[in-house]
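Labels A, B, C and D are assigned to the chains in the order they are written; within every chain, residues are numbered from 1.
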Amino acid sequence: MDNKVPQLNIVGFLCNWCSYAGADMTGLGRNTYPSNIKVIRIPCTGRMDPMMIIEAFHNGADGVLVSGCHPGDCHYTEGNYYWRRRYPHLKSLLEHFGIDKRRFHASWVSASEGKKFAEVVKKVTAEVKDWRDNG
Amino acid sequence: MARIGVFVCHCGTNIAGVVDVTRVAKYAGSLPGVKVAVDYKFMCSDPGQNTIIDAIKKYGLDRLVVSACSPRMHEATFRRTAERAGINPYMVEMANIREHVAWVHSDDKELATQKAMKLMEMAVAKVRRSEALSKMFAPIEKRALVIGGGIAGIQAALDIAGAGYKVLLVEKEPSIGGRMAQLDKTFPTLDCSACILTPKMVAAAQDPNITLLTYAEVTEVCGFVGQFEVKIKKKAKSVNSKCIGCGVCTTKCPSKKALSEFDEKLAPRKAIYTPFPQAVPNVPVIDRTACTFFLTGKCKICEKVCPTGAIDYTQQDEFIKEKFGAVVVATGFDIYDHSNYGEYGYGEIKDVITGLQFERLISSTGPTAGHVTRPSDHREVKNVVFIQCVGSRDEAKKRPYCSRVCCMYTAKQAMLLKDHYPETQAYVFYIDIRSAGKNYEEFVQRAQNEYGVLYLRGRVSKIYERANKLLVKGADTLSGAQVEIEADLVVLANGFEPKKGAKEFAQLFHMSSDQYGFYNELHPKLAPVETAISGVFVAGCCQSPKDIPDTVAMASATAAKVCALFAKEKLEVEPLIAGVNQLTCSGCETCYNVCPYSAIEMKDKEVKRGEVRHVAEVLESVCKGCGACVGACYSKAVDLKGFTDRQVLDQVETATAPITDN
Amino acid sequence: MDKELQDLIKKLLTEKKVDYAIGYEKAYDEFSTRPAFVTSAEDTARLIFNKYCINNLGLYLTKLKKNKIALICKGCDIPTVRELVKEKQFSRENVIVIGAACDGVLDKRTGKQPEKCLNCGVKQPKGADFTVGTAKDSTTARNFNDVAEFEKKSSKEKMQFWDRQFEKCIRCYACRNVCPVCYCPDCFAQRSMPEYLNKNVDAEENKMFHMIRMQHVFGRCTDCKACDTACPVNIPLTLLTKKLAKDAKELFNYESGADMDARPPLSTYDEDDPESGIM
Amino acid sequence: MAYLIIKDDIKNLLDELIKVKAVFAPKKDAEDTVLFGKLASGAEWYGDSLLTHTTAKDKVYLQSETFFKIKKDKNGVFLEDPAEPAETVIFGCRPCDARGFDIIGKLFNWSGFVDEYYTKRIQKTTIITISCEKPESTCFCTSFLNGSPVNSTGSDLLLTPLKEGSCLAEAITAKGEAIITGYSRYFKEAGAAEEKAKIEFKTEAEKKITKKLDLPGIKQKLDTSFDSSYWDTAHLPCVKCGACTFVCPTCYCFDITEKAFDNINSERVRSWDTCMSELFTRMAGGVNPRIDTKKRFRQRFMHKFNYHVDNFKEELCTGCGRCIKACPVSIDIRSVIENV
């Protein structure tokens, strides 16, 4: 997709050990992706308090992405397993409140998956754009 | 009121080539609390850091934002800079405008600049809420665990032990030695592998600081740098410590069903066996899946012949749990299994063998005592075809990487063949010759020029079995001709792949591995032996394919890292840990339930005068700062230093607000 | 039935088995009741139980933590007790659960039976220490049809629906304060460092309060409807609490307050949990 | 001078008022909640309920009122006043609600201090009240001095429904007068018969209110019962939510906070607060004189029927009974103070 999607605000929460490093790897590999995502570094997806995501939407974020280590690879052993439970629950609850499914995403990106990170961001941006453009 | 300094790095043209850094700095200067904002060519350089230090003094700054590369790269650098200028090191935030902006948004400089401004602004928002944190220290168990008894593990163990620290060397097989013990000669010197390895094996066994644990596996790991707690399974050898290694049991054992792992299944081995004559320790083990007694309940010949009564059929697997301060992972590699190469006969043609099998065939300690004969009919060979890049540089087989040693070992094997049998002819099918290394290219040239090895640039399309011969069809792309060679033996240069179970093993330590299963180093250039897990180091081919000198160098490097760690009195640990506000804690035990480190304790405590409540408390020395408790606490009583709710919320708020750039 | 109840409580108080008995008494007219706190045997005469006893008295357990309590519970209130014991808010030994057989209650605002009473499997209370009276359970099982129906709406329609509801909300926090599992000593909604929620009352801020509250009680809310009936402006909070119950069941096969041994869904995990569309 | 307006004309009058003013009147929604909402047409007015779920208080004394907007940048701090309030009509509130405006109006203009936000709004607001035909079991307005289903205190125009399908319209203030003169085609002069009918209406309606409190007696009791053990048990059922105070026509307590939108823009906002909340009296540093739930519970009754009487010679209550209905645990303000 086109990397230029103006006026679309996506907040990305990336775990320090895998996904943040993976996003660094995207840079090292010079893979491009849309610039709408603003990354907030967190230690682990286990730190991800659903409140922060609700706050992000409340503050006007169009989309939110949370990305962590693949299951089994968590630097802290279990954090991403807890996140893997919070995510479907939160997604379902947000949708119930009218926050469209296309606006909230999660992914596993390891420290070596620079290309995957770019793909994930492209997909998330496209989904959020689809929501905004087509309702 | 915060006094923030913002420092925007050009990183040469890395950032400045895409991002309008002066605009970022100008915007930074307009933000509340920012007292100074400057841009500079290389912030991490000495003059760059001095710019920061000067600004701290001149403007009385108490917190910094450095807009530059990834915090994973230079956060530590700028924290030290802050410390040198008298600021608490945790009052530093980085805005990653290189990896996360310049390098990925080079297609639109305006959007990239806007994003850089935003990320900088978010870092300013975060640092505004930063709190001074003091360093914490943890004890170090000055004992190293080396996993894998190949040349990498042996070298690492010897070096660490040499510095005076205790080492436990764990090996899965009954003997240490690893892959190198299987090799005949080594390139480019053609010296005997065993001759240079065996003394090291013996040295390891005799070093008072090294404890060998063979036939053992690591099954569980918890803890962290300085304090790893490792559970190790000592597999039942069925032979106890009375064994003197006389070898009578092995000689008398009637079972011949099992195939020798050491000889790459080219020969049978006994059910009670030592993998090879020079094994260290020289103590046999009983393979219970092959032993007649264990299979039928009858036999016990070994017990009868043992002069010291060392045979113990009742031995059980035993688990031990020990503490270590650091771990060297040197678990080695497997060679690529060519059974899914249709053109090479799916691994079903007996006389198409692997490079490692060839090593055993030509080794004087091998099953044929060094006579290169065909596995199928034991005939001597005349024409031998070597095929390179089997399971290497092959996108279709999902092995696109180069295994780095196959070009060299093929040349070596072709030369050895010629040395042993001057009348033979060796052909080598290759893609490219990769012979970077001291005396490597000369070595390959010798193979071609002095030994008359015929190098054909191209791939083999098919191997047929015909009239006791192997018909090798391939292309010589240099001459453009199709070639057909009638060979007696085909030797494949199988590439390296991660040890079977490598990924599962990585999960024990929560190390990350790449898509193939090779373990990831912390940084490909600047931290090649460290892993993302502090205190865990990698050496040898478990990290990527490499030759013996590189492996040994890497092993010694891990030893240096371990020694540097152990040389410290105490370990400095990040104070980025959780803390409970007991006034707001509801005592529901959710945090206690989710903590992966059992770092939360529940207590009945007087939180207010006269009010005793059941509340949580963080054990500071145990907490690793993952924040699982913070994510789960609905009373909002737990917070994580360095990633507080206030900081994250302000980052979120800033991320979603428009840029007010004018 | 009132007599039986009064006698039982009289006995418990006289024998000093409990410090407090929490039940119901008549409120301002014959259609209303309110919680009654009885400490002496002589005082038990005011205790009643009828179809207007809509409050979930489990709420008071966290407020009288140090006492021994006899608590009058409808069948649908008992999961609350279990949940609070599970969350270490009250020790089970300190509460005597008196189950009151119930034929369904009436919402004082509408005069009708709430939906939960129509498909009630615990009219005859289950898991009480003592039970008073008898009642026949509904023949129809509890279902999530109304939530499923709402889920069919588009996200835009859902948002419009809730925007209209939270436009009404006056943030009196009655929903939170009657919620038995909203026992936090200092609710996020009233914090100032950081300020999770602004004190400013507007539809957006109100909505966020409810979203976060719903998230916080997920896997803990027993869908007792206390918040729904407490709302002074009739916001259908049941649509939310029932959604939580539905998700807990469908995503994690969990029912709050049902099984003392099951770990709350967000405080545990399974290595084989589904990926739920995580990229 | 009294007038008559035909009930059917009320909708027409509303339609005309909407054209020039913001008109708020009871509206019923899908959940059967009746609240004062801004009318788009006279037909939206729902006149069949006695009391709306919340009062019209929030149309004058906003639940969240922006005092000013703040912009802070390198050049300094800049304040911006909020928009001027619009001309407003509150239509269809009850005498008890209207009397609430009178009570809190005195507070917001107490001993020389003028709260400009409240004052500006009330000056631009015309309150049209409808007398209560069918008081409910929770009503107790007649306990108060002047309290009655036809009381006009706080109203600008009082409508009293009479039997013949018309309402008696009495202008109480010049603002009320202006409605009658401005829309005179809907009003015709009333005669003595109608005046008499209103008295009958009053007698009938007041008869329905059975609960009458001895307020002077209660005040006396409260004076000496601050430390009474009564409060130890009386507060137990109370869950300390703010429903009672937020639906009350006279509760006026507030909190002033700043709402930050980003690093540059913020607003100073006054929002209703409630004495039931622990936060209400929490001070910087965490000290809280009313940390006990008992003290908070006591405060509400003491304030309404004791302290306020000391200061203003009237109770901070109009007897609308909304707090009784809104209370999730059905606490009855009347019995609480009677039983002290």
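Definition applied: a residue touches a chain if its C-beta (ideal position, glycine included) is under 8 Å from a C-beta of that chain, and two chains touch if they have at least 3 such contacts.
Quick caveat: nothing in here was measured; it's all calculated off a predicted structure.
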- Between subunit A and subunit B, which partner chains are common? C
- Message: Counting C-beta pairs in contact, which chain pair has more, A-C or B-C?
- Response: A-C
- Query: Most central chain by CA mean?
  - Reply: A
- Taking each chain's centre as its mean C-alpha position, how far apart are subunit A and subunit C in Å? 35
- Query: From the C-alpha centre of subunit B to that of subunit C, how far is it in Å?
  - Reply: 53
- Note on the structure: Distance in whole angstrom between the CA centres of subunit A and subunit D is 48
- Item | Whole-Å gap between the CA centroids of subunit C and subunit D | 31
- Residues of subunit C engaged with two or more neighbouring chains: 186, 188, 196, 215, 266, 268
- Message: Which positions in subunit D are in touch with at least two other chains?
- Response: none
- What parts of subunit B, by residue number, touch at least two of the other chains? 583, 594, 632, 636, 645, 649, 653, 657
- Message: Which residues of subunit B touch subunit A once you look at their complex with the stated criterion?
- Response: 70-73, 96, 98-108, 111-112, 114-115, 118-119, 122, 506-507, 510, 512, 514-515, 520, 532-533, 576, 594, 596-597, 624-628, 630-633, 636, 640, 643, 645, 648-649, 651-653, 655-657
- Task: Would you tell me which residues of subunit C are touching subunit D in their complex?
- Result: 27-29, 32-37, 39, 55, 59-60, 63, 108-110, 164-165, 168, 170-178, 186, 190, 198-202, 226, 229-230, 232-236
- Query: In their complex, what parts of subunit A are in touch with subunit B?
  - Reply: 3-4, 6, 9, 11, 16-18, 20-21, 23-24, 26-28, 30-33, 35, 38-52, 55-56, 59-61, 69, 72-79, 82-83, 86, 110-112, 118
- Message: For the complex, give me every residue of subunit D touching subunit C.
- Response: 29, 31-33, 35, 53-54, 63-64, 137-138, 233, 236-237, 239-243, 245-247, 255, 257, 259, 267, 269, 271-274, 277-279, 293, 324-326, 328-332, 334-335
- Of subunit A, residues touching subunit C in the complex: 50-51, 54-55, 58, 71-72, 78, 81-82, 84-101, 105-108, 120, 123, 135
